[in-house]
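In the two complexes below, subunit A is the common chain; its partner is subunit B in one and subunit C in the other.
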Partner chain A sequence: MNPISLPNAPIVKRKSRKLACRRYFNLLYVLPALALFGVFSLFPIVKTVQYSFTDANGINPNFHYVGLANYRSALTDSQWWQAVGNGGVFALLSLIFMNSIALLLSVAVNANIRGNQIYRVVFYIPPILSGIVVGYVWKWIYDPKGILNSFLQGIGLGGYTHAWIGSTDTALYAVAVSSMWQGVGGSFILFLAGLQGIPKEWYEAAEIDGANRLQKLRYITVPSLRSVYTMVNILTILGALGIFNQVYAMTMGGPGYTTEVPALRIYREAFTNSDFGMSSAFSIVFGVMLFILSLIQLKLSRNKE
Partner chain B sequence: MGKAGERLTKGAIHLLLLAWAVVSIFPLVWMLSTSLKEKNEIYTNKSLIPRNALNFGNYVEAWTAGGFSRYTWNSVLYSAVVVTGVVLVSTLAAYGISRLDMAGKKAIYLGMMATLMIPIPGAFISIYIVVSHLGLANTRIGYMLPMVATALPVSIFILKSFFDELSREIEEAAIIDGAASFRIYWSLLLPIARPAIATIVILNTLSVWNEFMLALVLFSETKLMPIQMGLSVFVGQYTTQYELLMAATSLMVLPVILVYIAMQKQFIAGITSGAIKG
Partner chain C sequence: MIERRKPGWLSLLVLALILAIAAGCASGQNESASQNNGGSPSPSDRTDSQKKTGEKIVFWHYLNDRHDLLVGMANDFKSQTGIEVDVQLFGGDGFKQKIIASAQTDSLPDLMTYSGGAGDLAKLIETKSVMELGGKMGDTFKKFPESVVKAYSYREGNPFNVKDYGTYAVPMDTNNMQFIYNKDLFAQAGITEPPQTWEQLLQAVDKLNAAGITPFATGIGSWVIGPMAAPYEFAYLGEEKLIRVKEGKEPLIGSGYENVLKIFEDLYKHKAFAEGIATMDLPKAEQMFVNGEVAMIFDGSWAIGVFNQMDPNFQHYDVFMPPKPADAAHEVKITGGIGVPLVVSQKTKHQDAVLKFVDYLVAKEQQQKYAEKSFNLPANMEAAKSEGEMSSALRNFSLGMQHVYESAGIYPSPNVDTAMQKGVQLIVIGQSTPDKVLKQMDEALQKALKEKK
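Now for the complex of A and B:
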């Protein structure tokens, strides 16, 4: 140590104590965020876990602990699994059709076509609408006396007119179509951002080496898009499984339970059946499932790299 | 590829894009068209053009008798308050975490980001429980506070990433001048962060405007309801008044689309940065 600095030592010490004080004083900056976050995000999670082990009904403040009973009935509830299965159908259809259309459109818009700015803006209009509005507009399109059936009659396919969301054989797919209509734009914009992030020089270098269109796609585009693709898939799965607003507006889970989805069941369990215990158990089961799904998806994409 | 082939590909691409543009827009055009038709016209006139294109009667009825003036005012209020709250709270937090020496800041930040990774689909149930425990069910504040809280992680993430990019030299001169950290935040960093704040304003205005689930569980009084819930006024168990419903949805959607078209750059930047949060 430099002897000259010795006389200064007490001052340094006082200064460091002041700095240590600062470290805690500065916590004031995150205090409002922490308070809100704690009360309205963290505490509800704790409450959900707690309620899932009780027979709470949301009205009576007294409740009893029932152990794993709620989980046991949740896991054996066939209507619940039908709801999860419906969410799975939405997810699968979206992964296949919605994301393929989105990828195709993003490649097309990225191809430096005239008017691509306008297309980009137009394709993103459905995603900025609320699920409720989309649900009502499509409910009107699907109405037995609505435009879809009139259109079919008009082109001579009158035999195919149908109560699209009113009958058990088509309701689930009709809702899926409307939710995919809204979702294409979201995947599209993320794919497009991914495509635009690929340096132009890579393609130019490949062209100099004599690569053709397919080779450029295989060796540059596809590998570069891999992380975007994973993210889009995770968002698609979470979005499809978590759907609520559109189903609420269009079918309320009906006819019967053909379009029931997990979030709607969780809602109904609490507010129609006044069973907050069951509702919380469903939330936890479903949350764990979604979490595991996104972990698997992340893991799979890591392995490919 | 030959010139003819090139032209053919271009043509196919144009056709594809045009087709999807029509698909994207058609339901909205149909919504507008229905909103301008008479009650007895909507099931008989299947053309896009209403008999009287200047028939705004449905709008007037939705606005007055349907109560949409109230719901719209509620939603404007909720959006303004929630977005102001989010901006204040999240800029303070992001500034502290990014630019200041703070005890346990890494744990705090990671803890908040963790909730982004763990989706909780039934969150609205537990929020309802907490809000009613606090005696805030059926109040405006009980609706707005949870919305501010849920918006914080993404907003703090966007702002922190922005602040992290800034050079330390920006504050150094001010620190030498003896400016307190709050002054540096207020008069130096907030103005610089304007683009990131714009992103947060857009992202959150849209999500408050479109919010439905939380309102559904928290509000039983119609006079507090936001617009998304107000729509249910026109939906009966057996019949739906589509001409009024479509007028109301048009009223809610048109301002959003206009703002979106005017500010599409910030909009899309906001959406992509909001999605790429991991």
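Now for the complex of A and C:
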């Protein structure tokens, strides 16, 4: 058939109907994914919202609606806000220290230093470890008779030995260090991917113009990574505020409420106090907070762009 | 042509996979059928015991140190009855959560050890997830001390509002919590006898410190604070007042409860605690005790088995009751009762087999074997009495059963207990005071009472 000749009307109709049928038929391929999303993502969210207005205990399918009582209780709970504050400290420390270290490491590895392939693997090992395992390893390191104190004693700094996670002045920071140690690899990989996307010609041109390393970092690398920063920062904030494993393994929120974090409180309400209603209310409050934080971060980065 | 061959191979591969799965299923059916037939000539010729061949019950437990022992007992039981018991270990702190999740999804095993208090079990009774056993195993329950059976019995007016009255757990062993001390370290510090009063305990702490020995460790970072405070709750408030205070019928502040918190402050002031105590868990404290790094630990009777696992040569220790303070008006009572409660699923399809296995586990012979191998106190009174080779520590734990309280009352919300636990964690490192903690507990109690109304 001549490609430019027009087919007659019935054939066109039949063809378009066939195409439409095919399109609808193709939608069937998406159904399994949609079903999985509905069952494992959407349904739990809907149930969590429902439970947050009830006195459900997690076992009995019969429960009573209590209106906004759980939310009132959650929002006026001083320990909850202390836990949120502790999560905020984790997030702040991670944003400042963890991401700075991750950026420096990625710049170093991207500069084709010797053994950079090995470093890529080594830096990404901590994120693939179980958080609970990492928590127990660091608990062992921080033990009063553990590696850290033994090392300090060994180098003549015995006066600085400490019960790192058993003391209110260091417990939060000790847990934060373990969390950052595990998280730095994740940020590193994202920064590295961002760095590899920057055209090399820009650096060559800058070199011709006489730019030094610092100027290249300031005027090319940092501005080019803006969108990566946004993503890394959002992921860091969400990850740090949602910290659970390390705290559970190392301190259980103690001493007192020193290392209490939102996820641990939600867990305790659900599984220790058997108050799924309250636990769900805390989850919703926390989820909304994280959502708003992410939106603010996105908005700010768009404004900058 | 080449493009067409690819889907052809793919189809063949898929077909082969389907056939393989179908064949696998078919052979599985044949195998199980042959097992059920048991080689007997015709189904009508089968005897009762032969019918049970192939019957399989599932038993979940969290007893890391007793898994092999339970598997051995299950094998013996199978050789006697033909009933197979699939013993599954789920160690760690998450066992209670696993049971809750399984109850929610109607997937509880036929039999399980229960990890939780009477209040926790009440929630499973409310949903009709677990079976009432008092009516079905009346004779079995006669083997145990009455106080132990009562731990999971619910009668009219029970504080957990259980309406289906009855007994819902069979005790596999009993336990209680007391102080354990290292005899060698005590001797090294010049202490000849275990403390009888709180004041003597503080003197012993001073002597141990003077000898350069760390006096005390326990799981302050986990759940041990409650059981350690309980003897002093009874000593200072007495049972009736304690229950009324916890129910909110009498004010907490001014009740004398601050004296209970002061025992932790006393220990802090006398420098009794090992470094890192505020977040220390019980296994860490147990390891320190076995290593000879601390002279005393507050622990349960199961610790004897734990110590034996950590170091079989470590034997030079004994047990003493929580010593009573001179200014306390009432008797000291200790936490204890059923160590391992056995609970049966309401929806088991093998009720007779499960009850038969439970009966087997708590029979005198098995209980003796259990006590001998696991160093736990047997629940069966006959087995407990017949133990000739009991160590001094095990005997003292056994004697402690006479001082176990039946009920220490419950707060309207677990948040009051949490406030106490968190507060004590700060008292033991000098970051809070009994008055402050009491105030925090009272705030949590008042909030709970208000919400209850």
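Assume the second predicted complex is superposed on the first by the 270 of 305 C-alpha atoms of A that agree within 3 Å, B and C clash if a C-alpha of one lies under 4 Å from a C-alpha of the other, contacts with A are read in each partner's own complex, and residues count from 1 in each chain.
Basically, contacts are C-beta pairs under 8 Å (C-beta built on N, C-alpha and C of every residue); 3 or more make two chains touch, one makes a residue touch a chain.
Keep in mind that this is a model prediction, so the values were computed, not measured.
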Clash-or-fit label for the pair subunit B, subunit C on subunit A: clash
Partner, of subunit C and subunit B, that touches more residues belonging to subunit A: B
Partner chain in contact with A:271 - subunit B first, subunit C second, else both or neither: both
First (subunit B), second (subunit C), both or neither touched by A:130: first
Touched partner set for A:88, first subunit B, second subunit C, both or neither: neither
Touched partner set for A:58, first subunit B, second subunit C, both or neither: both
Touched partner set for A:166, first subunit B, second subunit C, both or neither: second
Which superposed partner A:119 touches (first subunit B, second subunit C, both, neither): first
Partner chain in contact with A:37 - subunit B first, subunit C second, else both or neither: first
Colliding stretch - subunit C into subunit B, listed as 22-30, 94-102 or 130-138: 94-102
On subunit A, the residue positions that both subunit B and subunit C contact, one per complex: 58, 143, 271
List of subunit A residues in touch with subunit B within their complex: 19, 22-24, 26-30, 32-34, 36-37, 39-45, 47-48, 51, 58, 101, 104-105, 108-109, 111, 113, 115-116, 119-134, 136-141, 143, 145, 147, 150, 154, 181, 184-186, 189-190, 193, 213, 231, 235, 238, 241-242, 244-245, 248-249, 262-263, 266-267, 270-271, 276, 279-280, 282-284, 286-287, 290-291, 294
Residue numbers on subunit A that touch subunit C, as the complex places them: 57-61, 69, 73, 143-144, 163, 165-168, 171, 250-257, 268, 271-274
Subunit A-facing residues of subunit B, complex: 1, 10, 13-14, 16-17, 20-21, 23-25, 27-28, 30-31, 34, 43, 46, 88-90, 92-93, 95-97, 100-105, 108, 112, 115, 117-132, 145-146, 148-150, 152-153, 156, 181, 185, 206, 209-213, 216-217, 228, 231, 235, 240, 242, 245-246, 249, 252-253, 256-257, 260-261, 264, 267-268, 271-272, 275-276, 278
Subunit A contact footprint on subunit C (complex, rising order): 96-97, 100, 103-104, 120, 123-124, 126-127, 129, 221-222, 274-280, 413-415, 418, 422-423, 425-426, 429, 431-432, 447, 451
